[in-house]
Amino acid sequence: MNFTSDLFLIYPEIVLTATLIVVVLFDLIFKRSQAWLPVLSLAGILAAFFLVVLQFGTNLPAFEYSTKNNLLSIDNLSTYFKGIILISSFFVVLFSIFSSEVKSCKDRHGEYYSLLIGMMIGMFFLVSSNDLILIYLSMELLSLSSYVLAGFVKNSIRNSEASLKYVIYGSVSSGIMLFGISLLYGLTGTTNLNEINTILRGASTIDITFILSIFMILAGFGFKISVVPFHFWTPDVYEGAPITITAYLSVASKAAGFAVLIRFIKAVFFSGISQGGYWNLLTYFDWQSVLVLISIVTMTLGNFSALWQDNLKRMLAYSSIAHAGYILLGVAVLSDQGITAVLIYFAIYMFMNLGAFLIVMLIANKIGSENIDDYKGLGYSIPFLGSVLAIFLVSLTGLPPTAGFIAKLYLFIALVDAKMIVVAIIALLNTVVSLYYYIRVLKNMYLVRDFSKPVHIELKPLSFITILLLVIPVLLFGVYFTPIVDFAKLSIQILGL
Amino acid sequence: MDSQFLINTSLYVLFLPLLGFVVTLLLGKKVRSIYLFENLVLILTFIASVFILYNKLANFPDSKIVSEVQWFSLANTPIFGDISVKLGIMIDNITAMMLFVVALISMLVHLYSIAYMKGDERYNRYFAYLGIFTFSMNGIVLTHNILMMYIFWELVGLSSYLLIGFWFEKKSAADACKKAFIVNRVGDIGMFAGILILFFTYRTFSFDEIFNSISSGILPFNSTFWLSVTGVLLFCGAIGKSAQFPLHVWLPDAMEGPTPVSALIHAATMVAAGVYLVIRIFGLLTADAMLFIAVIGMISSFIPATIALTQNDIKKVLAYSTISQLGYMIMALGVGAYQFAFFHLVTHAFFKAALFLGSGSVIHAMHHEQDIRYMGGLRKKMPLTYWTFVISSLAIAGIPLTSGFLSKDGILASSLAFANLTGHWLFPITGFLVALLTAFYMFRLIIITFHGEPKDHHKFEHAHESPFVMVMPLVVLATLSIFVWYTPNPFNADQGWVLSKWIEKPLLHTPVDTRFDFMKPDSEGTSEIKEHIIYSSSYTDAMHHAHYPAMFISLFVALSGILLAFIFYHWKKVNVDTLTEKIKPLYTFSLNKWYFDELYDKTFVNGTILLSKALGWFDLKVIDGIVNSAAAVTKSLAFFIGNFDRIVIDGLVNLTAYLSGFFGLLFRRIQTGKVQTYIVLVIFSIVILLFIFR
Amino acid sequence: MTNFPLLSLITFLPILGMIVVLLLPKKQEIAIKSLTIVITALQVVLAIILLMNYNYSLGGINDIKSFQFIEKFRWIEITGFSWIGKIKIDYFLGVDGLSMPMVLLTAIVTFIAAISSWTIDKSIKGYFAMFLLLDTGMMGVFVALDFFLFYVFWELMLLPMYFLIGIWGGPRREYAAIKFFLYTLLGSVLILLVMIGLYFSSMETLADGSRVFTFNMLEMMNPANYTVGGILSPLNPNNLRFIAYLGLFIGFAIKIPMFPFHTWLPDAHVEAPTAISVILAGVLLKMGTYGILRISYPIFPEITKDLTWYIALFGMINIIYGAFCAMAQKDFKKLIAYSSVSHMGYVLLGMAALNTMGISGAILQMFNHGTITAMLFLIVGVIYDRAHIRDLDSFGGLGKQMPVYTGFVTVAFFAAIGLPGLSGFISEALVFLGGFGNDITRVLAVVSTLGILLGAGYMLWTLQRVFLGPLNEKWASLKDMDFREYAMLVPLSIIIIFLGIYPGPMLNLMNSSVNTMIEFIEKAQTFYQTLGTL
Amino acid sequence: MVSVGLTHFLVISTLLFSMGLYAIITRKNAVMVLMGVELILNSANINFIAFSRFGNFGYSGQLIALFVIVLAAAEAAIALAIVLNIYKNLSTVNVDEVDNLKD
């Protein structure tokens, strides 16, 4: 077993690590020229992205210490999610450049970007790790960096509170997860997913401890993807944290969480695949009902709570919970088709959600508030931002011809194909409900013609370009989504299954 | 001289007035004297109609000229086969005569109006409306299918609406025109239903084709009952248009229109269209249907006659007499006196038009005073008007040597014969009673208006004979009320050319067993188309026997009616006021028109409006309520009725929140912001999940 | 001419216009307005070109060969794994006798509405951009033959409409706008679900012989294309076709609007600016009935057959209930709105008859109601622009003050109550003939004739309250119509009168399609019955 | 003299776990809460070691424990820093008083 031979499989991770180091050193040496830090990180991200693109299509186990017994599995699923993570990181770094919150703390930019990259590394390992311990470790790496970032603006009370809640909540759930892992280890004697799978296949009886351990591990994942009942931290932290970080958490770390969840379910419980791409899982644990139950409760709670929110950031937090519910529904189908839907959903969700957060941030930079009532008449004073935000919100609602519709469409196609009609109807009604709170923003922006305090925002070219980079895909994939779907269809395969 | 030529001429008759309408309406504002064009058009129309009448009677006395074109087609339909709706023209003698009557009276009224309407601010538009009326009326007369009949039927309704409401600044006029249209619609719905049945059964609208299929045994829903129903339904149209009981209420109000209009539309032509309709569909009427028609006609002839006794508005009196005369015609058709019905239609058209125009000239002279109690002694002032009025009154009263005598006597005789054959004696009795009343109230009118002393001297001083264009029509029409135009023998019309040659006997197409006995073909019935023969020999005998009794009785009642009138109002032998005091209830009952209007207002009108209000409320509160009653269900009703904005936006929020049961509240409750609470909940829910999926 | 993409042009022309409008500077108000009018005028021209090249003998409905001006190419094709087969979405436009009248109607009404929009004064740029976007959506719905495409256009209208009502509407515009939006979205969600269900139930055979799931409506209509397992496939013993039909029907019924889903309509109409009310009543309502005829009928013929009585029943309720509600109204515009409910009832009744008279009558009624009601709303707009109130009882005697205007009003009103010689009559008569011709709906049709009377009732009552009687001195200063208003009302009156006198052309336009559809429904019906016996 | 077996270790670890949870839920002082977290982590460690010792799983368990200990240290460090920051801003470490962010 020769580890060095497998190193080429983790070049992206290595590059990121290098970038991390460079950023730290640069920060130490050239204290004055902080403006270069984002550039450096962007460069690193692009380099990593390049490598990831090259890596796409390779399905190899990395660091095997015996056959079928690897720490990392580099496969299309992980690569796809790495791509998602990198793209969103790219945007978040751009956001950070014009985020007033980040600007406010001058001399700590190095800290900020290095932690951001740290999160990336954690996510990279998370999406491709094939071993519970590695999952735990990478998740901790991800969490620890994000705890700090959530409270980045030290003198902001909101930030500090957010980070405190986040750290307590996070460490407890990871602790629970670790305990679950230990139990599973005790039952099977290994932490490698494939091995657990083989042992489970051989197992004769399953006692409740197993179920308990699964639920405890699920608690860890649920914390990351913030689904009911592990979502409680989400609204508070999202509202409290800097918008850039909120956006990042709502997309990237959620993506990582889903990736590992999918891998865990499929790798541990896989017993065969049927015609039409439906998985036959080991029957020890009724994943379908659990996931369906969780996802329905999640989307309902998310939507209905969002209706009450006056703070746009908090509303988007709940809406992201609701979206997590939809995505989980895709997982609950437990079929390749469902996974395809999930992947498509993520790619689109990334653009529209990041976009929404970006506009909110730009407006907040100016008017210093995220309260919906302060959006009155904004559609007239800043027509461009207004209309773009409108597009993102409509896309989040899922109306054609925006990409959001395609995401939902594929989800429902998967559901209907799996004959889960009732679930589909519930989800659709949820969509209708979600219209209220999204449209409420538009109502304030356009229908309320309030010109009392006109806002003027002059866009820097960079931010303008960023907006275009986000809005164009949302519109384009709405009318022509072949590439994204094709890509997703290629990316569903998991190593060794 | 081929028949096609007649068709073309009839097209001129039809479309010239339309041209007049369009031109006059469009140029009315610009060109002051455009009304002359309209009048010219009408004169041409009249000439054309005379031409048609002459040629039809001279060259094609007993042939039916038909010509049709496709209007639109539904191509070859899967269920009903090939459907194409045709427009067409049919000219038989009745058409020709009717056309002549309409064109003549219309023309006279046009000329008359030149003077009568002088100085009206919408002078030209008035003539335009007259034009579209003439067009629609000619359409009714000329058409060969029931659908076109219905179309023009509605169009005359429109023109009547426009003309009644011509002085729409008067609220009464505005009400009247609306009433007229809607009441007519009631009848039209029946007619339309009848048309539906006919088309569904025979896939065509054309009278002839329908008749042929009936005689070939095809019946609606294969039952003679439905055939009768169809007849009755179609007749409903006539009830509306000819103001028959129970839809007669609109005609008196229609007198709000200018008087020449009343003469043209509401006396001579349009109201007679109902009778014309029944004449056209006579071939498909079963015995039951005819009996129904007869009864309606009888009632409608009696009630208005009693009302007319007490009215003081000169036009109202004439209006009621019109209804009653129309009732005569309808009854006549009901009892099978087809020819006399049409005959009476023609004669009545003339003398009733004369009466109305006469009243118009009186009103004109009295500066639009219509109440006869303020008139009197006008005989000397306006002799021509007076004499024409008297002649026409004699005609309507049915005094020999007048046209009225001939037609009316025929109707009474046939009702007598009918009673003789079927035992329905009520018809002749009512008939004669009405004859008495008619004579009485007509002469009451004349005496109060023209004789005695003037009541309103100021107006009387200014009163004077009307100008030529107004008097000329009176004279023409009055002369047309003399017998000589119709028959050589003033006491028997049967030898007259009108009845013997011009008005051909109708053909029945209904199955034999659905007819009156006297209409069944009998052994010695001599006719080339045996099953279509209408009158059995028994009927002709009965008619023969009924002739003289009827004549004498009617003559007697008419004269006695006139006599009574003179006794009451001229020589004042009986004090009218004391008499009315004696029979107060009857008097007021008649004066108030049997309270029909009140009844209808209370029941139908108010009922409809009430229902609509109720449903409107229902819609706003309940239906709409159910939809967005989220808050109403969950929160308080007051809030719901409060402001709607909160209801839909927030209310739906509440709804959804409440739908998800206590969740809605729970969601908010549990997000306490206390991290430890969250952790407790997580642990708790893990345990729950564990229990569920154990 | 035939291979020139006319339909794409007529559909996306407004989008081009919208882009130009957005590029124009805010100040150029006249330019923006006139550009919009020009664009819509061009649409009318294109529609007329279509009409001139239209082949009246072709049926359409379920046979692609007999559709015209077809544009069909692969829009989305996802070739891939066996597990989902291939997804195929076509960009598939085409017209037949069903859609051609609607295309004409849309072009005309939009043009008129554009003219009437001239009076818009606040944030003009936004208004006309939205207006043109809406235009594309409407046109697209009527020419799309791929269900997916249809749905996209269908949803495309929602947002512009929301803003048009919500921003430029009356006092309670926010309420009306959101209500409209929610109702329609609820409906379209149902449609979406059925669409997906159908997608999984019918397979199209490609040129290379492979079978793929398809969104192509025409393929969905072909019973032979059904998969064995599909949840909406008749071959599947426990299929959900009936429920799906109800869902689809409700989805469309909300747009019609059919009792009891009609309550969004009065609010939307009353609050919307005149031009938008015109479009709402003139075109949008027709989409519901069009959708039913285009999709529900041919794809679910057997259920359609079973439910005719209920459809007719709701038609009757609409007719009578709407008429009564109209009678109760005090607000001029609301009255017209309810009259629309009543008139769309005739369409339902005619469709339910399932025979040529009925369906032709229904389509003709859709067209006629489009023109007539557009005229009515414009009339309300004219008086509202002058008096700034719509309360019926506060007017009176305007006939003296504004004679020409009153003339147009009379034409419109009498057309609305089905006076022969005006277009309304033909369609209503055909509807009744059809309804009476089908023994299932006969009784309902007879009862519905009551609508003729009620219609006359409330219309004439309105006419009297507003225009007849003594002139209310408050309005002694009102001007009669100006040129712009002539430009709007004269064309509509001409159409109304022409179609009243000579409906032939319009009927010829639809005859073959209607007959094809009925034959198809009969045939398919029998086919499904044989399935049932299996 | 009874020999110590797997069960004893499991009992201990479970106790530790519960005590940790108890501390997390009840303690108002943020530092105490964090100690509860440490307890949970260590209970997991005990599990790992005990299982690998008694289940003959080789030394993987012990290795895992080492990893976890390291992580725990890092986590504690960061958490304390955050608590410190909170104290700076709110001058309290009572987790109950840190509840401005809520519905």
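Should a chain be cited, it is by its letter among A, B, C and D, assigned in written order, with residues numbered from 1 in that chain.
The definition used in the following text is that a residue touches a chain if its C-beta (ideal position, glycine included) is under 8 Å from a C-beta of that chain, and two chains touch if they have at least 3 such contacts.
In this text, all values refer to a predicted model and were calculated from it rather than measured experimentally.
For chain B and chain D, which third chains touch each of them?
Both-contact set = A.
Write down the chain pair with more C-beta contact pairs when A-D is set against A-B.
Here the pair linked by more C-beta pairs in contact is A-D.
Suppose every chain is reduced to the average of its Cα atoms; which one is closest to the average of all protein Cα atoms?
If one averages C-alpha positions chain by chain, the most central is C.
Any idea how many Å lie between the Cα centroids of chain A and chain D?
27
Averaging over Cα atoms per chain, report the distance between chain C and chain D in Å.
Distance between chain centres, rounded to whole Å: 67 Å.
So, what's the distance in Å between the C-alpha centres of chain B and chain A?
Roughly 79 Å, centre to centre.
Any idea how many Å lie between the Cα centroids of chain A and chain C?
43
Specify, in ascending order, the residues of chain A that touch 2 or more different other chains.
Answer for chain A, listing residues that touch two or more other chains: 164-165, 168, 172, 176, 235-236, 305, 308, 436.
I need the residues of chain D touching at least two other chains; which ones are they?
Each of 24, 33, 95, 98, 100-103 in chain D touches at least two other chains.
Quick check on chain C: which residues sit in contact with 2+ other chains?
Expected reply: 174, 178, 182.
What are all the touching pairs of chains?
A-B, A-C, A-D, B-C, B-D
Note which residues of chain A are touching chain B in the complex, please.
These residues of chain A touch chain B: 164-165, 168-169, 172-173, 176, 208, 211-212, 215-216, 219, 228-230, 232-233, 235-236, 285-286, 289-290, 293, 300-301, 303-305, 307-308, 433, 436, 440.
Can you list the residues on chain D that touch chain B in the complex?
Touching chain B: residues 21, 24-26, 33, 95-96, 98-103 of chain D.
Which residues of chain D touch chain A in their complex?
Its residues touching chain A are 13, 17, 20, 24, 30, 33-34, 36-37, 40-41, 43-45, 47-48, 50-52, 55, 57, 60-61, 64, 67-68, 71, 74-75, 78-79, 81-83, 85-86, 88-90, 95, 98, 100-103.
If you look only at chain B, which of its residues touch chain C in the complex?
Going through chain B, the ones touching chain C are 71-80, 83, 147, 150-152, 154-155, 158, 161, 165, 168-171, 173-175, 177-178, 181-182, 185-186, 188-189, 192-193, 196-197, 199-200, 608-609, 611-613, 615-617, 619, 623-624, 626-628, 644-645, 648-649, 652.
Taking the touch rule as given, give the residues of chain A at its contact with chain C in the complex, in rising order.
Per the stated touch rule, the residues are 275-277, 335-337, 340, 380, 394, 399-401, 405, 409, 412-413, 416-417, 419, 421, 424-425, 428-429, 431-432, 435-436, 439, 443, 446-447, 449, 480-482, 485-486, 489.
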